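Next up: the structures, one after another.
Look at the two complexes coming up: subunit A is in both, with subunit B in one and subunit C in the other.
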Partner chain A sequence: MAIQVSGITKRFGEFTALDAVDLEVKSGELLALLGPSGSGKTTLLRIMAGLEGPDAGSLHLNGEEALGLKPRDRQVGFVFQHYALFRHMTVFDNVAFGLKVRPRGQRPGAAEMRRRVTELLELVQLAPFGSRYPAQLSGGQRQRVALARALAIEPKVLLLDEPFGALDAKVRKELRRWLRKLHDDIHITSVFVTHDQEEALELADRVVVMNQGRIEQIGTPADVYDHPASAFVYEFLGQVNRFDCMVEGGIARVGNGTLAIPTEGGVQGPAVAYVRPHDLGVSPATGGPGRIAGIHVVGPDARIEIDLAGLALEAEMDRERLATLGIVAGDRCSVHIDRARVFAR
Partner chain B sequence: MPADNTSASSARSESAWVRWTLIGGALLFLALFLLLPLVVVFAEALRRGVDAYWTALTEPDAVAAIQLTLTVAAIAVPANLLFGVAASWCIAKFDFRGKNLLITLIDLPFSVSPVVSGLIYVLLFGMNGLFGPYLRSHGIQIIFAVPGLVLATIFVTFPFVARELIPLMEEQGSDEEEAALVLGASGWQTFWRVTIPNIKWGLLYGVLLCNARAMGEFGAVSVVSGHIRGETNTMPLHVEILYNEYNFVAAFAVASLLAMLALVTLVVKSALEWRFGDELAATRH
Partner chain C sequence: MTVINAPATALRQPFFKKPSILPGFGLTLGFTLSYLGVLVLLPLAALVVKAGGLGWVGFWTAVTSPRVLAAFQVSFGLSFVAALVNAVFGFLVAWVLVRYDFPGRRLVDALVDLPFALPTAVAGIALSALYAPNGWVGKPLNDLFGLKVAFTPIGIAVALTFIGLPFVVRTVQPILQDLPPEEEEAAASLGASRLQTFFSVIMPALLPALVTGFALSFARGVGEYGSVIFIAGNMPGLTEILPLLIVIKLEQYDYVGSAAVGTAMLLVSFLMLLVLNLLQQWMRSRHAR
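Let's turn to the complex of A and B:
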């Protein structure tokens, strides 16, 4: 089912959480709402679910106006950040809840209900845990119960609020892969909210980058990473070197001409240049303009801090490359940049 | 290493005599101020034997007092149950102007002397009170009658249920209610299937405490009662009258019933904690 968001605005007192947001979620896709806290992403998700009402704008679910519908009539599955499992019910009863509260005519019989719930518990790999209480499960297991519970009502859309936020790094990664696989199997239109750019880039078909109640960019993960539409997106997605510069004739000059970088786009005059650490080349040079301020080895990669005439830069390379270069902290070096994106200041 | 062991254990625990002095002190205090009075109540009540005890409890005025106390509690406790759930629901689940004022107001009966609470009702509904003339002309009697007793009791026991529930509901938040709504439950279903089960133990505690106080309240009730024997005397008031008449056996006999109420309340509370401890822990997590 497709979701059409048009001109949605939401204010909480003086604070504008969403500022005339337009967004289309295509049927069957897995979409990430990515942004820092306070960017409005969770509010947008809650408006889609009907847990919050917007001050202006319209929302269409599968072509039908949905703002007038109560949450229970929207056929959405919602997975809460802290799971919100019913603590006094067993795992089985949690999953069965959505079926049990249906009006008498639409409620499945006891046998049918048991079959459906068991099927869902098998889908989330929790079949043996039906009689446990949520307090007796691990974080990852609770998350999967929440997912099974949301899927039990056969929703047309699945909405997930920071689905992995409360889990530790290892479980988060496993569950992420598992969710991607699940989505590939059942193809339900899904929207998830995250502040973790790695999660959004790895998991989603398309990423929506949000900032201060507005959408900064919508695109595939490769799109938004390689061609950020704004300075904010550049800074938010991954590590970046940022410096003020003057652009003249397509060449950005930094400081007193310590760096001259060819630029893309037609920006002229004062600007901000962005370079990813892995796009920044370092070579040893006796009497070069830069100095290696420090080297940090993290797993297979090395982060190199460079002091270029008072400008602090960071480069990234793998350890083999570092060994080939043979640089150590304190060495002089030269810096070259092939690619920089500039935005007018 | 032995040396390390001794230092570690002495760092964590006091020497034996300090421990036993503290435990002994606490036990002595308990025995002196809680256990001894309780024993005295029953001992005095049974001083002239079981027959005298039974007679004291079954004479008409005593029976009337017991019935009146049960009636007042039967009205006041459910009223405060409803009020307590409603108040804690709106305080815990919604933000609104004047919320802090409401919380303060709920606590008011705890900070006001019960005698003053009683007087408020006399000033409002008494013969010469604010609504006195109106009530008299319509033949409604509140002060020196059962309605006054009920009102005073409701006022005094007002905070028990709400005080128990507000922190519990605030801690639980409204995520589960939202989950239920998205899953297709109506407001009514959400309330009965999610909200109530999550607060049932806090609710039960609140009701037990509220009930104990409703039956045992003296001050406020004393002001509005008028002490009419067999008509507006609740158990605590009846105890006082008997005592002032030097009828000690009867006074202690009725008092022993109130003491038993306290014991039963404690036992029920402990039994619930013991029986449903796991579930209780689960709802608090």
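Let's turn to the complex of A and C:
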């Protein structure tokens, strides 16, 4: 089911959480709303679910106006960051809740209900845990229960609010892969909110980058990473070297001419240049303009801090390459940049 | 020497002591036990010992006389009714105070504690003046419905409800305040109506607190004296409460008889509170955090 958001605005007192946001979620896709806290991503998700009402704009679920519908009539599954499981119910009863509260005519019988809940518990790999209480489960297990509970009502759309936010790094990664696989199996239109760019880039079909109540960019993960539409997107997606420069005839000059970088886009005059650490080349050069200020080895990668006439830069390469170069802290070096993205200042 | 002694010291610790970095276990436990002993256990023990002067048969005869049994019925029955009323309406008050913001909310919040602070005799006199057949509330009730409140069991229930209200409100309020809104939102998005959400999500979370409030209100009602005696009319066998009966026996120099009634009250109250506590423990264990 497709979701159509047009001109949605939401204010909390003086604070504008969403500023005339337009967005289309395609049927069957897995979409990430990515942004820093306060960017409005959670508010947008809650408006889709009907847990919050917008001040202006319209929302269509599958072509039908949905703002007038109560949450219970929207056929939307919602997964909360802190699970929001019913503490006094067993895992089984939690998952069965959405079926039990149906009007008498649509409520499945006891046997049918048992069959469907068992099926869902198998889907989330928690079949042996049906009689436990939420307090007796780990965070990852609880979030899977929450997911099974949301899927029990056979929603047309699945909305997930920072679904991995409260989990530790390892579980988060596992659960994220598992969710991707689940989505590939059942193809339910899904929107999830995250502030973790790695999560969004790995998991989503398309990423919506939000900032201060507006959408900065919509695109595939490769799209937004390789061709950021704005300085904000560039800075938000991954590590970046940022420096002021002067662009003349397509060449960005930094400082007093220590670096000259070819640029993309037709910017002229004062600008800000962005270079990813892995796009920054280092080579040892006696009497070169740069100095290796420090080398940090993190797992298979090495981060190299460079002092280029007062400008602090960071380069990233694998350890093999570092060994080939044979540089150590304190060496002189030269720096070359193949590619930089500049935005007018 | 000290090296050899060290493990022995460790072994000598009592079996129920859990290792803790906080010092003062012995001191605080000792203080707690002697404090409770002197303050609570000693007077109660004295009461039981005094009643023991009657012997088993004498005790049984003293507490099963028709007048005492009737007073038991009045005290425990009406305290139960009042606690039930408080459980319902105290819950409502707590709900409104937590869930809605309205002008004067803080004032209403403060008002709830008044029955705690007011001398009970003052409350009793005020209530009986109001509910007497010629009072502001008693007169219309009498004229329109023929309902007599003051000097009847209903009057006692009114007084006990008055003094028991804060217990329910103050036990339910903080739990209601801490209830995560996400659980209700989850219920709503799963298709539950407001009523279904209330009964299957909110109530189970509040029930232990509600039972505590009920138990406190009930216990307070059983022991209440000051506010009741003014509105009760104190007719033996009809509107005579146990605490009053004890005082009457004291005034007749029947010290042992009053101690016997007191002991019986103590036993019944203890049993009821025990049952309520067990009930609560069972409810809590079902959804331990």
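Criterion: the second predicted complex is superposed on the first by the 345 of 345 C-alpha atoms of A that agree within 3 Å, B and C clash if a C-alpha of one lies under 4 Å from a C-alpha of the other, contacts with A are read in each partner's own complex, and residues count from 1 in each chain.
FYI, a residue touches a chain if its C-beta (ideal position, glycine included) is under 8 Å from a C-beta of that chain, and two chains touch if they have at least 3 such contacts.
Remember, predicted model here, so these are calculated numbers, not experimental data.
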{"item": "Superposition on subunit A - do subunit B and subunit C clash or fit", "value": "clash"}
{"item": "Touching partner for A:133 - first (subunit B), second (subunit C), both, neither", "value": "both"}
{"item": "Which of subunit B and subunit C A:2 touches, first, second, both or neither", "value": "neither"}
{"item": "Partner chain in contact with A:87 - subunit B first, subunit C second, else both or neither", "value": "both"}
{"item": "Partner chain(s) touched by A:49 [first = subunit B, second = subunit C, both, neither]", "value": "both"}
{"item": "Touching both subunit B and subunit C, residues of subunit A", "value": "49-51, 70-72, 76-78, 80, 82, 84-89, 97-98, 101-102, 133, 135, 149-150, 152-153"}
{"item": "Residues on subunit A engaged by subunit C in the complex (per definition of touch)", "value": "49-51, 70-72, 74, 76-78, 80, 82, 84-89, 97-98, 101-102, 133, 135, 146, 149-150, 152-153"}
{"item": "In the complex, subunit C residues that touch subunit A", "value": "180, 182-183, 185-193, 196, 200-201, 204-205, 286-289"}
{"item": "Subunit A - residues contacting subunit B, complex", "value": "49-51, 70-72, 76-78, 80, 82, 84-89, 97-98, 101-102, 133-135, 149-150, 152-153"}
{"item": "Contact set on subunit B toward subunit A in their complex", "value": "175-176, 178-186, 189, 193-194, 197-198, 279, 281-283, 285"}
